[in-house]
Amino acid sequence: MAILVDHHTRLVVQGITGREGTFHTQQMLAYGTQVVAGVTPGKGGQQVHGVPVFDTVRQAVAETGANASIIFVPARGAADAILEAADAEVALVVCISEGVPTLDMVRVRRALRGSGTRLVGPNCPGVITPGVAKVGIMPGHIHVPGPVGVVSRSGTLTYEVVYALTQAGIGQSTCVGIGGDPVLGTGFVDVLELFEDDPQTEVVVLIGEIGGSDEERAATFIHSRMRKPVVAFVAGRSAPAGKRMGHAGAIIDGGAGTAEGKMEALRAAGVAVAEMLGEIPGLVRERLGQPGGPNS
Amino acid sequence: MAILVDHHTRLVVQGITGREGTFHTQQMLAYGTQVVAGVTPGKGGQQVHGVPVFDTVRQAVAETGANASIIFVPARGAADAILEAADAEVALVVCISEGVPTLDMVRVRRALRGSGTRLVGPNCPGVITPGVAKVGIMPGHIHVPGPVGVVSRSGTLTYEVVYALTQAGIGQSTCVGIGGDPVLGTGFVDVLELFEDDPQTEVVVLIGEIGGSDEERAATFIHSRMRKPVVAFVAGRSAPAGKRMGHAGAIIDGGAGTAEGKMEALRAAGVAVAEMLGEIPGLVRERLGQPGGPNS
Amino acid sequence: MKLHEFQSKAILARYGIPIPRGEVTDTPAEAAGIAERLGGRVAVKAQVLVGGRGKAGGIRLAASPREAAEAAAAILGMTIRGLPVGRVLVEEAAEVERELYLGLTVDRAIGRVRAMASAEGGVDIEEVAHARPDRIGSVAIDPFLGFRDYHARYLASFLGLPASLWVPFSGIAQGLSAAFAESDASLAEINPLVVTRDGTLLALDAKINLDDNALPRQPELAALRNADEESPAEARARLAGLSYVPLEGTIGCMVNGAGLAMATLDAVKALGGMPANFLDVGGGARAERIQTALDLILSDPRVRAVLINIFGGITRCDEVARGVAEAFSGRSPGVPVVVRLVGTNEAEARDILGQLEGVRVQRSLEEAARLAVSLAGVGV
Amino acid sequence: MKLHEFQSKAILARYGIPIPRGEVTDTPAEAAGIAERLGGRVAVKAQVLVGGRGKAGGIRLAASPREAAEAAAAILGMTIRGLPVGRVLVEEAAEVERELYLGLTVDRAIGRVRAMASAEGGVDIEEVAHARPDRIGSVAIDPFLGFRDYHARYLASFLGLPASLWVPFSGIAQGLSAAFAESDASLAEINPLVVTRDGTLLALDAKINLDDNALPRQPELAALRNADEESPAEARARLAGLSYVPLEGTIGCMVNGAGLAMATLDAVKALGGMPANFLDVGGGARAERIQTALDLILSDPRVRAVLINIFGGITRCDEVARGVAEAFSGRSPGVPVVVRLVGTNEAEARDILGQLEGVRVQRSLEEAARLAVSLAGVGV
């Protein structure tokens, strides 16, 4: 099973002829992903690593049956690329682009409400279902199939955690990087809901960071709606208040959104919260193979 | 049971201090509807027939627990009134106002997509659940409770049909006037879906007219998804092509949307289509008390 | 409300859409002058609010000012589908390479504006839509996002336009979409949108219809209303807030509500009669409006009987009855009047109407329609 | 990016929001001149990009041009929270009846802009939000529908404004909302929004922060950047595309990815060390950027050890290693460097780094952090 991405995933790469688009198309093909089409306006008819390029997503969908998209276009064109994919009724859109203006995302998120399109990102590493398909830019080889769902706001921190799980012999069902920006297509709660319903997933690892209140909302959801065990880590305990720490989202505003506050909320929801990254594999192992039960 | 409107309905009247708003507030109160609030900007604090008036829908909802709204404001302010009700998370909005510009409704319908608000109308007589509550301008006394759901694009034509049913001793579960404009909040299919799921409703009467393709889509839905019997009437068989017949929607464009075409589509879906209005009560009676079955 | 070609083109030009140079006139002499100013070949085109003027001879090419005057003289004398031609548009003739279609209208099924394009321009697009639906490409426009570059790319690619025309095509489509939205149009068409011999795009003919409900907030456009679009009776009905469509029969009908009005006409026809008109007095009709409505009906000399069918909701039956009484006060209707009223204040209405001569009150629509048909004299 | 009060007010004025008359200057003499032109009492206000300037004495009232010059002289010599005051705004003093708060920011939880208003203006609104959340009224703004009349009515009613001020309040709120959207702001506040003694509304202080991601499409606003907002090191980092925040410790950190960087700092701290900075080299960092990053870290004299933690994804480990090698070519880092690399092209990276003197390669983050802490000398 797994979530979001599986062997039915037929991918169109938006911005396929750019440097990143071309490189990661090759990487995704090498991983086994069914990359069926690319889109770059004005370059319809070309090929990239054997993948046909179209002028519009709608043509790509009509010709190849693509049902998922990954976006590598520059930030200024990212919102339009997402809207184009949604207009073509692509079910899953993963936006890798970073630096997308926040108000573009406010509009995009509003535009997608009530549509059949789910957006992951922007400014995210994407989604991988180990051994099946990779729709993202994560290093594929560190992942192995298994029972642990991973969801994270961070990119490389996720790789770090996945790498540690794999090293400890624990595989993953699906790993989802939701992105670090203030306004996202998909939040923690959305992914937790999918993992809760996914038969393959037995334990979920949630990797949060300071800023916003998505971890707090996740805690509420876990407490009230999840039966599967959750292990969490929250980055940014040493961050000073009010300083911008890379992610636009990682700002501590007026005492809300601190790492300690998030860890506390998660603990109160029955989540096993790791103090150090290295503790995660052990906490996960303790929870594997155990019968699920309410976290409340 | 019934649909859309029941004894839980707590109504706010937008435009309550206007002539129509005041008159129909009295009528609805007399029918037994729980009219709990009115809204007219700048007139907060007043009362109309004992109903408190607020400046905004949000205040009305907060103070009175209103969960439905009826709109009597002039056409130019109707879209804003609908949006205000949706912003205040009112679950059902019935817009009586006629003459609302079509592109206003295009925007409103788009704005409501994915929200928790259902709009009925505009340019409609509203919704009545006989003996329980009236959220509309229909003459209440012609309705009696019973097993027949009525849905119609027309106003007075609906009264005509309901009157005939009542005279024949056949009561109604709920009567819904969806309105005659080109772009509506709720279409035939939406209402048919509700009737199909409503335990009280045994037979549905659908009253269509020329123009558009809502009857054709209803036919497709009835054929594929409904088990309850449907009786239909389509007005406008004598209308000449291309002439505007009152409703903006009632235009025959290039041969599509004719009464004959609609009647044919409905018949093919297993619907009993009345040639004359007077046949409707008989067709309904034949189908009452019979076990339901697929229309396909 | 329909706009003339020259009015529609003036709107398009404001949105940056390229149109031929040209001017409108109502005299052959001025037509010659315009042709003189434009230089070279011109097209002289009848400005009438019906389709099919080309086939009717309402469009002529002229190679000289003198020919333009002759063409204008011929066209200005024409009547096309019952409408006299009052004005002609004289514009420079284009060298046409390809004829495309580009149009926008409201797609009721999805509640959005839909943009349609076809490489089969210059012909009746509805025939194309019917016979070869695959030759029409379309995109639905999100009202909040507008017509976007990817819509233009899709349609341009569908039309097989060369890459050099994608950007101008996008500009035209976005301009048309903005014109549609900002004018509260119900239809906006460029047909044909031509590719000229020198490889540019040009809106050779254009048609914009406006949403009547939006005219109050479009005063500038509302002022373009053409008196020749409607008969005096229709104009009077519009000003009184009545929805009135004259038909060919002998039974004048007055009903409240468009659906019930259509069903009433259907009943008259099914019982062997011919309606003289469609007339919806609307909701909450007061006595004064009822009176205007009756005046309109009785002013049609073909009318042999009047059928009034009112179902009271917002409309109160007694108000209708009072209107009927006032319309007849001091004069006879001249033809039999059959009235059927049900609903709010029905009893009072019966009292009022019972005192009027020549007015017969019936209980059901079917009875009333049957009586009206018989009074009008079948087949007359 | 933060804007100064006078810059923020200039934007508001463009959206029709009433602001006090005033001018900005960097000399006491000009301050007197401005006061002269304004006539009457003026306020002299420090233009610095930190809060709390009022408490720090950065705002003074002056009854005459001479007093204005004196106030300006005093303020222009100040340093507020580490920032020297380079300019003052001299504006006419208002007669204040009530102080309100009106602000907009992005509500991440719902992905919309939220407008907040409070009758408790003029104070730290976050304290109000914390202590008395019921004193703050708010509305979420649909990006496609904008700030609407009913939002204004709701907030005006919440604030208890008299009916006479609803329309002006609505204008201000809609102006602020439009300014927010069209400037790509992340925060826009009027605090206080005052009701003056003569019963009008006036934006007495204003603050706009901009979304850095949107600056490329806001060239006019980007040009307002204040050099005094950031240190030279921060400016250099920004121009190189690095996310850099100087801290107080001794261990220079270079990491790819903000989350991993924070986790790295957390690990350093948990193991007893103190990070000297936060530095995210971003995704796909090339050798040149790595070199700039190392230069920045090593230019901090407090740094006793450097910890490099790279997890290769888009970033290729060999590129990072090459950047490190180039940064050290021909000169010694001067402090020990601990490197930990995992991911794409990890083996090549190890080969390159293995040849560098003073660079120690570790396998795990924890080992690397522990070594860096020990090399930096705990507690130093």
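Per-chain residue numbering starts at 1, and chain names A, B, C and D are given in the order in which the chains are listed.
The rule is simple: a contact is a pair of C-beta atoms (placed from the backbone, for glycine too) under 8 Å apart; a residue touches a chain by one contact, two chains touch by 3 or more.
Fair warning: this is a prediction, and the values are worked out from it, not measured in the lab.
S.K.: Name the chain pair with more contacting C-beta pairs, choosing from A-C and B-C.
M.R.: Comparing A-C with B-C, the pair joined by more C-beta contacts is B-C.
S.K.: Work out the mean Cα position per chain and let me know which chain is farthest from chain B.
M.R.: So the farthest one, by centre of C-alpha atoms, is D.
S.K.: Cα centroid separation between chain B and chain D, in whole Å?
M.R.: Each chain reduced to its C-alpha mean, chain B and chain D end up 53 Å apart.
S.K.: Could you grab the centroid distance between chain C and chain D? Build each centroid from C-alpha atoms only and quote it in angstrom.
M.R.: Between these chains, centre-to-centre, one finds 58 Å.
S.K.: Can you compute the centre-to-centre distance for chain B and chain C, using the mean CA position of each chain? Integer Å is fine.
M.R.: Here chain B and chain C have centroids separated by 28 Å.
S.K.: Among the residues of chain D, pick out those that touch two or more other chains and give their numbers.
M.R.: Correct list: 142, 144.
S.K.: Please set out, as single numbers or ranges, the residues of chain B touching at least two other chains.
M.R.: Chain B, residues with two or more chain partners: 110-111.
S.K.: So in the complex, which bits of chain C are touching chain A?
M.R.: Touch residues, chain C against chain A: 139, 142, 144-145, 148-151, 153-154, 157, 163, 166.
S.K.: Which bits of chain B are touching chain C when the two form their complex?
M.R.: Going through chain B, the ones touching chain C are 20, 75-76, 98-107, 109-111, 125, 137-139, 142, 152-160, 163, 180, 182-184, 207, 209-210, 212-214, 217, 233, 235-240, 243-250, 253-255, 259, 275-278.
S.K.: Where on chain B is chain A touching in the complex?
M.R.: 113-115
S.K.: Of all residues in chain C, which touch chain B in the complex?
M.R.: 106, 108-109, 111-113, 126, 129-130, 142-144, 181, 184, 186, 211-214, 216-217, 243, 245, 247, 255-263, 265-270, 275, 278, 280, 282-284, 311-315, 342-344, 364-366
S.K.: In their shared complex, at which residues does chain B touch chain D?
M.R.: Contacts found on chain B: 41-42, 44, 55-59, 80, 83-84, 87, 110-111.
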